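One chain, subunit A, appears in both complexes that follow, with subunit B as partner in the first and subunit C in the second.
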Partner chain A sequence: MKKIATLACVSTLALTGAAMAQDSIKIGVPVFLSGAAAGPFGEPEKNAAELMFDALNAGEVPAPYNSMGIGGRMIDATFIDEASDAVVEYRNLVERTGVEAVIGYTSSGNCKSVAPVAEELETFTIFVDCGTPQVFEDVVTEPKFLFRTGPTATPDAVGAARYLRDSGYDLSRVAGINQNYAWGQDNWRDFTGALDALGTESKYVSNQMPQLGAGQYGAEVSALLTSSPNVVYNSFWGGDLEAFVLQAAPRGLFARSAVLMTCGEALFPAVGKNIPEGAIVSARGPFSVFAPENDLSTWFAAAYEERFGEYPTYPAWKMAQAVLGAKAAYAKAGEGATAADAAAAMTGLEFEAPSGIVKMANANGHQAIQGIGFGTVTQVDGKPTVENVKFYEAECVSPPADMRAEDWIASGFEGAVCE
Partner chain B sequence: MLKFTAIMLDGLNYSAWLFLVAVGLTLIYGVMRILNIAHGAFYAIGAYVCASTLGLYYGAGLPEALAFLAMGLVALIAGVVLGLAVERGVLRFLYGKDEVLMVLVTYALFLILGDAVKLIWGVESYFVYQPYAYFGFVEIGGLPYQVYDLLMVVLAVVLGVALWFWLERSRMGRMTTAVVADREISAAMGINVKRIFATTFAIGTFFAVVGGAVTAPKIAVTPGIGVEVIILAFAVVVIGGLGSIPGAAIGAVFAGYARALSVHLAPEFELFAIYAVMAAVLAVRPHGLFAKVSGRKI
Partner chain C sequence: MTQTMMKTDFRREPVYIAVLALLLIAGFFLPSWLRFLLQTALAGGLVALGVAIQMRAGLVNFGQGLYYCLGGYAVGLLSAKLGITDVFVLLASAVVVALLAGALLGLLLARYREIFYAMLSLAVSMILYGVLVKAAALGSTDGFNVPPVTYLGWLPEREIRADVVYTLAAVLVVVSCLVVARYLRSGAGMLCEAVAENEIRLEYLGASPKRIVFFVIVTAAGISGLGGGLLAISTGHVDPLMTNWTTSGGFVFVALLAGRGSTIAPVIGFFLLELVQTYALDIAPNAWQMILGAVMLAAILLLPGGLWSLIDRRGKA
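Moving on, here comes the complex of A and B:
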């Protein structure tokens, strides 16, 4: 009798577990949990993912996302550290943990490695923040399961060139300091190409390419100072950007040159008061201080601030956007949708996000395009914010669907629509 | 001329930093024959301890000038305590084992200490930028240069000379040199080899911790900062010759100027400038510039 009771208990538990498994959607979330990118990127991305998953499961996100879960199923998230062998850990997520979808990745290097594996394993995957255009231009040219809901690096570089020209900066002597891998190389190529296309006749007096994670930039700052640029273009991110500001600002680089940092907004919580006034920053899209005012942006900023005690920086906004993109795709695919259905539905999708309308317009409908804002830093009551803001719409700073970024810039922004 | 000045200063500054982070590694290998991969973790702990302590220090509104004293004191305490804890708690049980095993053990320690750092300090970045800005900058030949960076050169020279003096002039140092030459005969002559090992490891750890502590005001102190450092430190000691203190100094100068030259003259080669020098040196002198080639004991 005792044995039968035990068997019954075990069977009931097994059935309940199976029912729960059917009622949940397993999502893998690779973000930086260690390393120099953990603080400025991994932490806000993880926070935003947790906030969004909890709010979606509770049905607390404003319309049109006020139904519970994703595809009617509760979200069961597995967070992994992006600072590891990206391909091995991705395979583990899909093949061992058995996730149905993956939402994450910040590093362009990791995105390039994971992209073909996502297609090979036919796993619905959304890249959150990595920016290299190479992902869809060179690595996976006919994507089916892979998406990127954040803009590439091209709008950063093109927007930066337009902002500098439109704001009247002296562009006769230009220097750059960018990390020596896909992200930094693409950035410098696109930025200098954009300046040439705009006819600024700039002379490129220094092109510093330190190693990712170098941390020590004394020599690079000296090289920038000795080359006397009017403008310095910087696409650093994470701890590298924080270290650069801490080392370059006291030596007067920001006073001698206009320094533009495409990822500069992510610095605000940690070293915001160390950013000299007048430095030019962006949030790599219409995020954070550059975000439009709408129900979703107001709700997201307030909910994040209430839960984590600080205003969300742009990596958090981009994570929230990716999660809502997945929700919108499953919703469009309809009841009982599989990951493959969701991937098909997300192709070419337009969905609402805290940053406004996101158009999956490029790379056969797998790559989002969005506008970008730039502004100069000003300190108000010891806290940084931006002024002199200019915003460029997506169609002004993104290549058309059928063109590579490099070719589009070289063509003089063929087909660009700028106000 | 301005570029020449910049190369000279940047090379000197980077060499000093490399020497600080590499000399402890070579000291420990020279005396104990342990290729200590945990050295990178000691560096990271030095940075964290400095950032935390000075954060509390400045938070308490204490005089800024004395922060440097606090930094030195904390580095000394952390270095000695950490070094002795690792040597007494782990390594002493493994003396006499194969060198490869010791590499694996210290690699395990590196990983454990890395996780301990995350457990204690979390993954958020720590900042303690006040000391770096405290002295301001001076213009040298028209180039603004942080006084803090110049003081780091002075510190490296002072600590390097102190280490040399300890090894060459003190009784303990002489005994350490004897242990380097032959630990069995040293023990037979009455030298307490275990004590020498503990002292050496504590001093080596102290150098790593100091390296981290003086770097903390310039960087974002985050998990993983020890990884890059241990690779660079290995490159430096391999150039100079494993186990050689003068070798570490010369190796640091070679590596420091290789990087400074590439940054100023050919930035696209900066990524592998130091490793190119290392490869070139090893091609000519496979044991490094200052390593003594000794016969293998049977």
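Moving on, here comes the complex of A and C:
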């Protein structure tokens, strides 16, 4: 009798367990929690994810996302450190922790190695911030379960070239300073390619490629100063970017040349008042100070600032839009949707985000395209903001769906639609 | 004295390797995530074994990742860029490339000992790292992906692909352990210990320490190349981090942690360390390095002879 009672008890417990599992949706979130990328990327991404999950679970996000949870289920998130073996830990998330969907990744190297595994394990996966176009151009050419809701790195360089030309900067002597790894190398290649395609007939007087994480740029700044460029292109991020601004500004580089920093917006909270006026910055898309004014953007910026005491930088915006992309996909797939249904629904989807409308237009509807804004820094009451803003629509700075980014730049932006 | 004798006693190796083989057969039935972890640990374990056998000659190689990376990139380049997908050709090339590099570097490195050996091997591996980071065509730091491999013209279905790769890795690791055990029982292998103990006396006896060191470098290079090739096939991705000093340092640590009493010790040690790491990541995503560090510290303080000393101690009793 006692045995039967225990058995009944156990089976009730098992049942409640199963019911609870059905009520929640397990999401794995790999972001950098250690290493150099933790501060500039991991922290804002983790913060934004936590904020979005809590707000969605409470039903506090503005319309059209004011229903609770994702697909009617409460979100149960598992954060892991991206600074580990990406493939091994991705498998562990899916097969051991049993997550239904994965939203994360910042490093392009990790995205490239995880991409085929996501398809192999048939797991709904959204890349948040990694920039390399190769993910869908070479690695996974027929994606089913894999998406990227952030734009690739291509619009950064193409938009920068267009902004410089359209704003009338003297582009006869151009120099670059980029970190010596895949990101920096690709950025410089795309930027010079874009200038050539625009026919600016620029002379590339200096290309400095310091080590990733070098921190000291005395020699590079000297080399830039002596080559007297009119424009300097910089794709640094994180501590490197902060160090560069703090070291180059007192030596007059910003006064003598127009310095364009593609990740410059991320400087605002940390070293904002040290950014010289006139420096050109972007947020790698319609994020932060370049975001459109709508209910979602106003709510997100305010909620983030209230909870974390800091205005969200662009990685936080990208995480928020990835989470909302997943929510939109489940909503479109309808009640009781599985991850596979959501992946099918997300293909080619257009959804609202704090950054405006995100179009999953490229890579058979798996890669988002978005516009990008550039502007010059100006200090208002000791706080940096941007002026002289020019915004380029997605179709102007992204390759068409059937073209590789590299070929598109080389072709002189064939098929680009610019206003 | 007794300890030295014990270290050179590799007569029980076939038994240990048989145990490893049984463990790997049991491993086939593990949950897929754990088996995948084991599979990548087998690849890394071979490199740790390469480091461990050099330690027998008193040489600490802080750049063993060089051969690991060469093996991985040999497989990657042949399959992704040249379209050769036969696994046996690929892995043979990984071993051959690593052996050639080992032989070439061995000519130079065999003349150095102690810190000079450690630093020189580290320097060479970082040169390869620097070259690969500059190589934009090879994806720089992002590396590139390795397509699925074929087995004598047979491409396994997606469902059983993981089973086949695991079986192959397990068989190759067992065979490698047997080969290394045979080498350690040979004259060249036995004399490694003597190089570490007293090189001058060894020369009086008519043996060439330089030649003995050369052989141990080449042997270690070969199995490390195989390990790199296996990793490339398992994870489907290679990048320059494979030859970074942090990776090589990890191998040295595993070799110390595991102990040098058996060829299977580094392989098992590598798996245990990976297991600790993945659970630490799961339990404390913000402080996993601290857990890993505490475990490493505890292992060094409590088991200065490595994990294998537990088994040796029991054998003596």
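Simple rule for what comes next: the second predicted complex is superposed on the first by the 405 of 419 C-alpha atoms of A that agree within 3 Å, B and C clash if a C-alpha of one lies under 4 Å from a C-alpha of the other, contacts with A are read in each partner's own complex, and residues count from 1 in each chain.
What we mean here is this: a contact is a pair of C-beta atoms (placed from the backbone, for glycine too) under 8 Å apart; a residue touches a chain by one contact, two chains touch by 3 or more.
Nothing here was measured: the structure is a model prediction, and the numbers come from that model.
Colleague: Under the stated touch criterion, which partner chain does A:E242 make contact with: subunit B (first), subunit C (second), both, or neither?
Modeller: A:E242: touches subunit B, not subunit C.
Colleague: Classify the contacts of A:A345 with the two partner chains as first (subunit B alone), second (subunit C alone), both, or neither.
Modeller: neither
Colleague: Could you look at A:N180 and tell me whether it touches subunit B, subunit C, both or neither (first, second, both, neither)?
Modeller: both
Colleague: Which of the two partners, first being subunit B and second being subunit C, lies in contact with A:A223: first, second, both, or neither?
Modeller: first
Colleague: Which partner chains sit in contact with A:R251 here, subunit B, subunit C, both or neither? Use first/second/both/neither.
Modeller: After superposing on A, A:R251 lies in contact with subunit B but is clear of subunit C.
Colleague: Is A:G39 touching anything from subunit B or subunit C once the two structures are fitted on A? First, second, both or neither.
Modeller: After superposition on chain A, A:G39 lies in contact with subunit B alone.
Colleague: Between subunit B and subunit C, whom does A:A401 touch in the aligned arrangement: first, second, both, or neither?
Modeller: neither
Colleague: Would you check which partner chain A:E95 touches, where first means subunit B only, second means subunit C only, and both and neither mean what they say?
Modeller: second
Colleague: Which residues of subunit A are in contact with subunit B in one complex and with subunit C in the other?
Modeller: Subunit A residues touching both partners: 33-34, 180.
Colleague: Please output the residues of subunit B touching subunit A within their complex, sorted ascending.
Modeller: 2-3, 6, 9-11, 13-14, 17, 114, 118, 123-125, 127, 129, 132-133, 136-137, 143-146, 149, 215, 217-220, 222-225, 227-228, 259-260, 263-264, 267-268, 270-271
Colleague: Can you tell me which positions in subunit C touch subunit A when the two form their complex?
Modeller: 31-34, 36-37, 40, 133-134, 136, 139-145, 158, 235-237, 239, 274, 277-278, 281-282, 285-286, 288-289
Colleague: Hey, which residues of subunit A end up touching subunit C in the complex?
Modeller: Of all residues in subunit A, those touching subunit C are 33-34, 79-81, 84-85, 87-89, 91-92, 94-97, 108-109, 112-113, 115-117, 120, 132, 134, 138-139, 180-183, 185-186, 189, 212.
Colleague: Residue numbers of subunit A touching subunit B in their complex, please.
Modeller: Against subunit B, subunit A makes touches at 32-36, 38-40, 42-43, 83, 180, 206-211, 213-216, 218-220, 222-223, 225-226, 238-239, 242-243, 246-247, 250-252, 270-271, 274.
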